[in-house]
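Here chain A shows up in two complexes: once beside chain B, once beside chain C.
Now for the complex of A and B:
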C-alpha cells in the first residue's frame, strides 16, 4: 500500500513540475530579448484552459487519433517512472530498464506520428515524416549515450548507470546529450517551437489538428519529455549518487534549472539551422556520444 | 604527463573530424591551423628535461603551422577571389562517419600493435593513424585546391605525430627541415592556386584532367 502511494506521489511530482520547464525557457528568452514575457506558470493556465474546451475532430479520423495521443502520453509518463530523480531514486527500477526507457520514448513518438497521420492531412503526414526521419539519428545518439554509461558502470539499470559521474568522457557525453535534448524536444537549432510557418515545423505540424484535452495531453507530454531529458543529461554528468541526499537534490534542481536557462540562451542566440544541415549536427551528436562510449571502453587502458 | 599528452592528441583527433565536417574553406583552414598548433606543443610535453632545441622546434612549429601557413592560405583565398563554400565529392556526413570509423579503427589498431612499453599507454600511434586517414579523406573528398592543401597539412600533422615516436633519436634539425619544406610547399601552392584561377576561372581540380593546347 505504501509503495503504491509512494509511486503515486512521485508520479504526481513529475507531472506537476514538468510544465515549469518551458515556462522558465520562455522567461529566459523574454529576458534576453528585453521583453517582460509570459508568466512562468503560463503552460499550467494553457493546460487548464485546453482541458475545459471541447474537441473538434476532422471527419477523416478514426478512434486511433485520440487513442494514439493517449498512448503517447501514457508512454512518456511510464518513462518518467523509470528515470531516477537524484536521491529519491526511481519509482520503478529493475535490471534492463534503460532499454525499456528507450523503447517507451520510441513508442510515444510512434503514437504521436500515427495520430498525426490519422487526421488524413497531407501537411501533418509531412511533419510526421520529418519527425521520424530525424528520430533515426536522435535515437542512435541516445542509445549510444546509454551504452557509454553502461560501459562506464557495467550495469543496464538506469539507477546504477546514472549514479556516478560519467568519467573521462563526461564533456563529450554532455555535449552529445544536450544536442539530442534540443533535437528531441524540437528546440531551436533543429526546429522552432514558436513558429507556425510551413517550412520550419517538425513537431508542431503533427499536432495542428489536435484540440482540447488531446492537445493538452500533447503539450504536457512534450514538457514532461523536456524535463526527463534535462534530468537524464544532468544525472549522466553529475555524481548524484555520491553526494548526500540534500546536496544531491539541490544540485539536481539547480542543474536542471541551468539546463533550462541554457536552452533558453541557445534559443535566443542561435538561428534555426538550414533544413539540410540538421542531419550533420545530429550525426555530430551521435559521434560525440560514440566517442564518449569509446572513452569509457578504452579509458581504463590508456 | 601522459594525461595531458593524451588530451592534446585527442583534441587533434577531434579537430580531424571538425575539418571533415566543416562546409566552408576558412573553417577548414582554421581547423588545420589549430591542429598544427596543438601538435606543436607535444614535443615540450614529451621531453623529460627542457632542451633549447626542442623549445625552438616547438615554437617554430606553432608559428609556422598556426600563423604563417594559414596566413598564406587566406591570402591565396582572397587573391583568387573564390567563394568560400566547399564542393564535396564525398558528402559531409559520409566523410564524417568514415573519419569517425577511422578514428575508432586506429584506436583498436593501436591496442593490437606490439608497441614499446612507453608508447603503449599513449594515443600517439592511434592519433597518427587517424590523422593520416582523415587527411587522406579530406584530400580525396574535396574538389577545391585549397581544401586539398588543408588535407595535405592534416596528413603532414599525422606524419609529425609518427615522428614524435622517434623524437629521442631523430636530429631535431630534420624536423626543422620538414617545417621549412612545408612552408615552401604551401607558398608554391598559393601561387599555383592563383594560376589555376586565372587559367580556368575556377579552383575545381576536376577541370585539370582535360588536356588543352
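Now for the complex of A and C:
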C-alpha cells in the first residue's frame, strides 16, 4: 500500500512540475527581448483551457489518431517513473530499466508520428518524416550517453547509473546531452517552438490537427519530456551522490532551473539551423557522447 | 497610313493625347512592343481598353537608362493576337490578365490560366503544373495560413525536402478596384486607392495624385512635392525595418526580431506626426497635401527620427553579426540578374540581384528631380542580398530625410487641379517601398476615367518568388517569402 501511494505521489510530482519548465524558458526569452512575457504558469492555464474544450477531428482519421496520442503520453509518464529524481530515487527500478527508458521514449515518438500520419495531411506526413529522420541521430547519441554512464558505474539500472559522483567524461557528456535535449524537445537551433510557419516545423507540424484534450496531452507530454531530459542531464554530470539528501535535492532543482535558463538563453541568442545542417550538429552530439564513453571506459586506467 | 516605327515618348507623370499614341494592327503591335523591349525597354504596363465589343491593347515601356517612357496601342482586337510572352517572358502575367479581363487570347501563351478569378468570381485556382514520378509529392499551402497574413495558395511539387516547382494562385482578395474606377474619379476613389495595398498608402496615393495632376496639366506645389517625398521615405523606413525584424523572426533570431517590431512602430508614428495616421491616410490629395509639416514639428520629427535610426542600426548590427543568421540567409533563394531582367522584377528584389532599377533614380518626378538618393544594389540575389538592400535603403532614406527635413521649400501646400483633359493618357511611376508602382489613366470625352490601370510591384515580383524556390528546401519557403514580402491585396486589386 505504501509503495503504491509512494509511486502515485512521485508521479503526481512529475506531472505537476513539468509544465513549469517551458514557462521558465519563455520568461527568460522575454527578459532578453525586453518584453514582460507570459506568466510562468501559462502552460497550466493553457492545459486547463484545452481540457475543457471539445475535440475537432478530421474526417480522415481512424481511432488510432486518439489512441496514438494517448499511448505516447502514457509512454512518457512510464519513462518518468523509471527516472530517479535525486535523493528520492526512482519509483520503479530494476536491472536493465535504462533500456526500457530509451524504448519508452522511442515508443512515444512512434505513436506521435503514427497519429500524425493518420490525419492524411501532407504537412503532418512531412513533419513525421523529419521527426523520425532526426531521431535516428538523436537516439544514437542518447544511447551512447547511457553506455558511457553504464561503463562508468558498471550498472544498467538508471538509479545506480545516475547516483554517484561525476565521471571523467562529465563535461563531454554534458555538452552532448544538452544538444540532444535541444533536439529532442524541438528547441532552437533545431526547431522553433514558437513558429507559426507550417513548412518549417518539425515537431509542431505533427500536432497541427490535434485539438482539445488530445492537444493538452501532447503539450503536457512535451513538457514532461523536457523536464526528464533536464533531470537526466543534470544527474549524469552532477556529483550529487556525495551530498546530503536535502542539499542534493536543492542542487538538483537549482541545476534543472539552470538548464531551463540555458535553453532560454540559447533560444534568445541563436538563429535556427537550416535543415540540412541539423544532422551535423546531432552527429557532433553523438561524437561527444562517444568520447565520453571512451573516457569512461579507459579513463580509469590512464 | 503606314505603320509607325516607334512608340511615343513621354516622361514620368506626364500625359499624352490618346490620338498621339501610335497604333498598329495586333500582330505588328506585338512585334513593335517586342522590338522596344529588345532594345532595353521594360514592360511597365500591358492592358486592354474596351472599344465596343472589341479590345485595344496598350503597352507602357520604360527605358530606365534614358529616363523615358514609351507608349503604343493596337487597333481593336476581336479575339486573339500572337503572344508576346514567347519573345519576352516578362509579359506572361500581363497577357493572362488581359485574357481574363477581356477574353482576348494570346495565341501560343505557354501557361494560359486566370490570374485572379475564374468562373463566377471564385479565386483563380485553375490547373496546376504537376511533376510526375513515384517519389514526387505535392504540398498545398493556404489560402488559410497558420499566421495572421493575407490569403494566397501555394502549390509545391517536391522531391523529399527539395522544391522542384512552385506555383502561386492568388485572387482571394479581389475587390474590383479597377472596375470601380471606370467613370471616375468618384468621391470614394482616393480612399479606395489609399487601401489598394494598405502598407503602401503613400505610394499609391502619390501615383494617383500624379496621374490627376498630369491629366489636369498642373503640378503640385513644391512644398507638397517635398512632403510627399518625406512621407514616401518614412513609409519605406517603417516597412523595411519591419521586414528585417520579420526575417529575423523567421530564423528564430530573437534580438533583432523583438527590436524591429518596436522600431517599425516608431517610424509609423513619425508619419502619424505629420498627418495623424500611422499609414499616411489622408495626407496626399490631388493638387498637393492636406497636412503641413511646420518647422516646429519638423524639428520634432528629425529628433525622433535620429533616435529611431540609431536603434535600427543597433538591431541590424546584431543581425549581421550573428553567424547563425548569416548561414541561413546566404545562398538561400538566389535569383540571378538574368532571371530578374527576364521576368521584369522591380524594387528591392531586382536590386538585390544586382539590377540597378529605381524609379526615384531612373524616372525622377516631383521632389526627386531635386534631391536624389543613391540606388542600393547588392549582387548575390539571395535572402541575404534582399535583407542587405533593405538595410542600405534604411540608411540612405534616413540620411535623405535628415537632409531634406532641414531643407523644406516655402510656399503653398495645395492647389486645386483643374478638370481632367479629355481623351488623354497619363502615366505615373512611383518607387514605393516594394518597388515600382505604375498607374495609367485614360480619359473619355468628358475627362472621366475610361480605363484606369494600376500595377502594384507585387504583380511583377510574385514570379520572382516562384523562381527563387526552385531547388530550395521547402522549409526555406517562409524565409524566401518574407524576403520578398509581397502584397496579396495589391496583386488582387
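As a convention for this text, the second predicted complex is superposed on the first by the 300 of 302 C-alpha atoms of A that agree within 3 Å, B and C clash if a C-alpha of one lies under 4 Å from a C-alpha of the other, contacts with A are read in each partner's own complex, and residues count from 1 in each chain.
Simple rule for what comes next: contacts are C-beta pairs under 8 Å (C-beta built on N, C-alpha and C of every residue); 3 or more make two chains touch, one makes a residue touch a chain.
No experiment lies behind these values; they were computed from the predicted model shown.
Judged by the touch definition given at the top, the superposed model places A:283 against chain B, while chain C stays out of reach. Of the two partner chains, chain C is the only one touched by A:275; chain B is not.
For chain A, the partner touching the most residues, choosing from chain B and chain C, is C.
Once the two complexes are laid over each other on the shared chain, residue contacts for A:294 go to chain B alone; chain C is not touched. When both complexes are overlaid on chain A, the residue A:155 reaches neither chain B nor chain C. Residue contacts after overlaying the shared chain place A:211 against neither chain B nor chain C.
Once the two complexes are overlaid on the shared chain, A:42 sits clear of chain B and of chain C alike.
Touching of chain A by both chain B and chain C, each in its own complex, is seen for no residue at all.
The touching residues of chain C, when paired with chain A in their complex, are 137-141, 145-147, 161, 248, 250-255, 257-259, 322, 324-325, 327-328, 332, 473-479. The residues of chain A lying in touch with chain C in their complex are 29, 32-35, 122-123, 126, 188-189, 192, 194-200, 208, 267-277.
Across the interface of their complex, chain B is touched by residues 279-280, 283-284, 287, 290-291, 294, 298, 301-302 of chain A.
Residues 6, 14, 17, 21, 92-93, 96-97, 100, 103-104, 107, 111, 121-123 of chain B are the ones that touch chain A when the two sit in their complex.
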